[in-house]
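Given below, in the form of structure tokens, are the structures.
Paired with chain B in one complex and with chain C in the other, chain A is shared by the two complexes that follow.
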Partner chain A sequence: MKAKSILINYLFVLPAVLIFGIFYIYPFLKVFQLSLMEWDGILPTMQFVGISNFKEIMTDKIWWDSMWHAGYITLIALTFQNGLALLLALACDREIKYGNIFRVIFFIPPILSEVVVGLIWQWILDGNYGILNNAFNAMGMHSLVRNWLSDPKTALTCIAVVHSWKGFGWGFIILLAGLQTIPKQLYEAAKVDGADSWQVFTKITIPLMIPVFSMVIILTILGSMQVFVLIISMVGQGLVHHTDVPVLRILASMTGSSRFGYACAQGIIFGLVLIIISFTQKKLSERIKQA
Partner chain B sequence: MRGKNERMQAGMNMKKSFLKCFKSNFYFLFSIFVISTFLTAGCGGNSEISKPAVTISVWHWMTDRDNAFNELAKRYEEKTGIKVKFELYAPSDSYTQKVRAAAQAGTLPDIFGILAEKRDFASFVIAGHVANLSPDMEKDAGLWKNDFFSRAIAVNEFLPDNEFRVTPGIYGVPLDVMNIQMLYNKDLLKQAGIKKPPKTLEEFLAMGEKLKALGIQGLVSGWGEVWMIDCFASNYAFNIMGEEKVMRTIKGEVPYTDADWIKVFGLFKELNDSGLLANGIVTMVNKTAEQLFANSKAAFAFNGSWCVNVYAGMNPNLSYGAMFPPNYGEFPMKIWGGAGSSLLVNDRSLVKKEAIDFLRWLSSAEQQAYLSEVTKNLPANKNCLTKISPILSDFSQAMEATTHPNIWPVHEFPQVIEAFDKSIQSIIIGEKTPQRVAEEVQKIKERELQKRAR
Partner chain C sequence: MKDGASKYILKKRLELVVIYIFLGIVALTCILPLLWMFGSSLKTQGTVFSDPSLIPAHPEWRNYYLAWTKGEFGIYFLNSIFYTAVVVFGIIIVSSLAAYGFSRLKFPGSNFLFHMFLAAMMVPLPGSFVPLYVLVNNIRKVLLNFLTAISPQLAHIFPQGFVQQSNTFILNQVFPRGAYVFCMINVGLSLSIYILKTFFDKMPKELEDAARIDGCNKLGIWRHVAIPLAKPAIAVITIFNSLNVWNEYILAQLILSSKETMPLQRGLIVFQGMHVTDYPLLMAGMTMTAIPIIIIYLIFQKYIIKGITAGALVG
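Coming up: the complex of A and B.
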């Protein structure tokens, strides 16, 4: 009877286990298997090549450059995007006029399609007929006029700024929600004790917001390292390799060179890098929290 | 304590009643399942006897032709009773991924197209996904095959002793042909005091200054989609060193550091230095280039014959002509061209014969004329050329001077192609010299040759 009962209990969880196994575990293991193969993605036969795909990645300069590019975009997002999100969240946390309208406006960019955002900004930054260059010309700042997306000095920064513009709404909403959980009594008590605004911010707001900052940072890192749709819509297949990011390199290996095994190996390495960054960031946050 | 026991007892009772209910329902549901299986199996048997209507499933990526395809499918159904279901998947990148995934899963439709290099086409054939159409094409002294431009067939053909070891044969039905040329805006050239389009590169470069002085962009093209750079460079490689030397380079017998190749790379520097290349051409997608040319913002464009339809939609009053890229070498200029889009029959299709019959009907003169009229593309069937517009006629006259990597006997490594195209971008933005680019491309070529030798 007991065995039957256990069996029936397992029967109930079986669909969930099957779905998880088929759609998560199997593809995960398959990626590992394919990373050890040379396969064009079409032929039924694959050639086992051991770890040679991983060895090749280690010496693939374009791949590691693309990792740095993603890191640069992430750095801009962590500073500019999250800084802007925090400032706006602090402003909207106060009882200001039309606060709800501002909240809605700030959350519009994240809900727009990346392709649409990319194309709009491509139009703004266009070297020939772009609004930005026209504005600089109108203001007499001719030295600033340039081909923003075709100049290696500015292309990646433009992409990073547009990515931050599109993404700051998420940080804004999460940070605002975090700010609103801080009891108002703490601020009132601090004021009674004679603390000024800066002291209130550094001694109350920041320490209590550390778990929220941690979450926003993790989400920003994961979102920014994996950006690619925006890049395709802004610079097509890229400006030489100056705007390449890891996901675009994986796509290029898979569909451009038909090297599925190499692409899977790149995917594994990229996943490992993301895990290491996330883990390090989590540990750092915990230390700061304890301190 | 008592309350806890009562709750436990209640829980046990609930579980028991649930199990009882489950058991009785299970048997009930199982009975229904068995009965319905028999019933539906019976239905299936009956429908077999009454011969259900055949439906041919077609996957394609051609957004501009979807309505025309559906209209033709309707006409075919009226004529034969066979239903043809066209399914559009766009953009082309997504379509390519869908077809690859379907090939891996064995769920390809009866008819489909592939957007890939010859190497991948060969893999599809070797994997048994594509039917060899040679027996049908060659039947009755090649009646069907002879309807097409030879270049259109060549793209879909594997010759004996091909490097991919594919059984020789024709594996696709071309729907239209295309070639990629240069276009010039007649009004803008007139405005700049240029009486006729340039014949030589020297004449072309000299026009850069004149156009720049008038604030007119020179050449626009979708070089942000790097394959168009490859196409332009390949035109000049044939022009500067001839086909034989290009093929020897691909085989690895001539290095990319050869003086002729440096001249090919140097051409892009000259074009850039003369001010002929439009601002931002390295990241310009072809749609932007088409908008600039159609709106008379640029004097020249490098684009394919599909542009006739695009320009007609963007600016019906645009006055333009087609020309070969200006001459720079001693050998004949070869432009890219051949089958624009082709459809293949799934070798594992249950309605293979019907699918082949439909493609034969679709590629016949009447249907091709309709497709050409509606979509303004060059028909693959040469028997209906009389009904095309003058500008399309200009394009069609160049068909005999076309070539395409898919019909070359040897094929370059994808890694080398990527390095080649990206390096040209770096020349245009003034980052690298032609000499340095040649060395870098050759280094990658040697690496890939070594890998293949291993």
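Coming up: the complex of A and C.
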């Protein structure tokens, strides 16, 4: 009776565990096996090559360049996107009319797909017909007209800005939720004690918001480092290297040069980089909290 | 004294005006690109480059008909609806069963299994689409071998043409769709289990006890007590996962190669990649992709924002 009851209990979680095992655990482990192989993805035989894929990655300049590109996008997301999100959250964290309407509007870009967002902005930034160049021409600022997305000097920045446009509403929602957990009495007490708004901000708001900041920073890093669908829809898939990011390189190793083992090795390296970054960030924010 | 007070009020007013202008400008940058996409979808291939107006004077509503039929966005749209509905339904069933199990039922290893799902949300796994693609391909090969092995037997019972037709149907339609659905169920599973389990944990046990005394078995309690009570949590995971599936791109690209099975996001990229892009039709397709999401969002924005904050808090 007891054993039967436990068996029935297992049946409740069985479908989830099965799906998870087949579509998450198995691929997770398979990555490590394949990373040691040279395999084109078609032939039934694969060749064991040890760690040579990893050695090759160490000297793969296009790969490390793509890592810097993702880092650059992340840096802009951390500063521009989160800065804007914080300003908006601070502006909305008070009694203002239509506050909810603004909140609803700011969250529209985050719910749209990267494909739609990418295609809209590709069309706005288009060198020949884009609305941005048309606007510059109409205002007589011809020197600013350029091929925004095919010029290596501007392409990555444009992508980063569009990525931030899509993401700031998300940061805004979380930061606002964080701000609203701060008890209003704290602000009032500080005002009574004669603190000005800047002192209130630096002495009350910032220290209490550190856990929220830390979370937003980690999620921004993880999200921005792995951005790639937006790039596919803005400049195409793997046509040029100056907008390559790691996930696009992995995709290119797989579908482009049919090197599945190399793609998996790249995935492992990139996963490690992400884990190291978020671990470091966590340690740093803990240290700041203690200080 | 009175002067100081009015000065203070003036300063506050000015501050508010600056805040409104700032919020207004940011709100405009959110909306204008979308309005412009919608406006462009109503222009013609001839005027789309030259007409600077946001919404054209003579809107070409026919573009939507053309995009739906000639642009094949009709197929993509129905596919997107199909995937979203099936995946979300699957997630609700599978995750609520599991969450109920983790929250209420006792069995060895339950803690370990639950934390495995949690860990999956936190460990980044970039490029996991590579082995997933390999897995799907391998299953397809096994299926192909199986079908070729049993076809001769089936040919004794059914007409030859029918067997062949059903084989191609299984390989080109049923299999890729099924594979994509299961992959996407897996994507949404962890967060949904987490949200539902936290909900079940807070649920009063008395109702379940009452149902048990009335002769309900565990499955009956799940179906008639837990699920109805968990409606708010189920609403959150429904909307959250719907957005996720509707907006998904990369697995659709890797698993769904034929146009008959593609969802909208993939269809848009395919349409855009054609040699001569018909921009108004592309914009019409994009509008079709965005509108359902925006409408659902406007209706359920409270739930969506709840889901986002919940998702962030776990990470």
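Basically, the second predicted complex is superposed on the first by the 265 of 291 C-alpha atoms of A that agree within 3 Å, B and C clash if a C-alpha of one lies under 4 Å from a C-alpha of the other, contacts with A are read in each partner's own complex, and residues count from 1 in each chain.
Keep in mind that, in the parts below, contacts are C-beta pairs under 8 Å (C-beta built on N, C-alpha and C of every residue); 3 or more make two chains touch, one makes a residue touch a chain.
This structure is a prediction, so every number in the text was calculated from the model and none was measured.
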item	value
Combined model on chain A: chain C and chain B, fit or clash	clash
Partner chain in contact with A:L84 - chain B first, chain C second, else both or neither	second
Partner chain in contact with A:I8 - chain B first, chain C second, else both or neither	both
Which of chain B and chain C A:V229 touches, first, second, both or neither	second
Partner chain(s) touched by A:H241 [first = chain B, second = chain C, both, neither]	first
Partner chain in contact with A:D40 - chain B first, chain C second, else both or neither	first
Chain A residues touched - chain C or chain B, whichever exceeds	C
Which superposed partner A:I51 touches (first chain B, second chain C, both, neither)	neither
Which superposed partner A:I206 touches (first chain B, second chain C, both, neither)	neither
Contacts of A:S150 with chain B and chain C, given as first, second, both or neither	first
Touching partner for A:S258 - first (chain B), second (chain C), both, neither	first
Chain A residues contacted in one complex by chain B, in the other by chain C	8, 41, 129, 236, 255
Residues of chain A touching chain B in the complex	5, 8, 40-44, 126-129, 147, 149-152, 155, 234-241, 252, 255-258
Contacting residues of chain A [partner chain C, same complex]	6, 8-10, 12-13, 15-17, 19-20, 22-24, 26-28, 30-31, 34, 41, 84, 87-88, 91-92, 96, 101-102, 104-116, 119-121, 123-124, 129, 131, 134, 138, 165, 169-170, 173-174, 177, 215-216, 218-219, 222, 226, 228-229, 232-233, 236, 246-247, 250-251, 254-255, 260, 263-264, 266-267, 270-271, 274-275, 278
Residues on chain B engaged by chain A in the complex (per definition of touch)	15, 19, 22, 93, 96-97, 100, 103-104, 116, 119-120, 123-124, 126-127, 129, 217, 222, 224-226, 278-285, 292, 297, 414-415, 418, 422-423, 425-426, 429, 431
Chain C residues touching chain A - in the complex, by the definition given at the top	16, 19-20, 22-23, 26-27, 29-31, 33-34, 36-37, 40, 48-49, 52, 93-95, 97-98, 100-102, 105-108, 110, 113, 116-117, 120, 123-135, 137, 182-183, 185-186, 189-190, 193, 218, 222, 243, 246-247, 249-250, 254, 265, 268-269, 272-273, 279, 282-283, 286, 289-290, 293-294, 297-298, 301, 304-305, 308-309, 312-313, 315
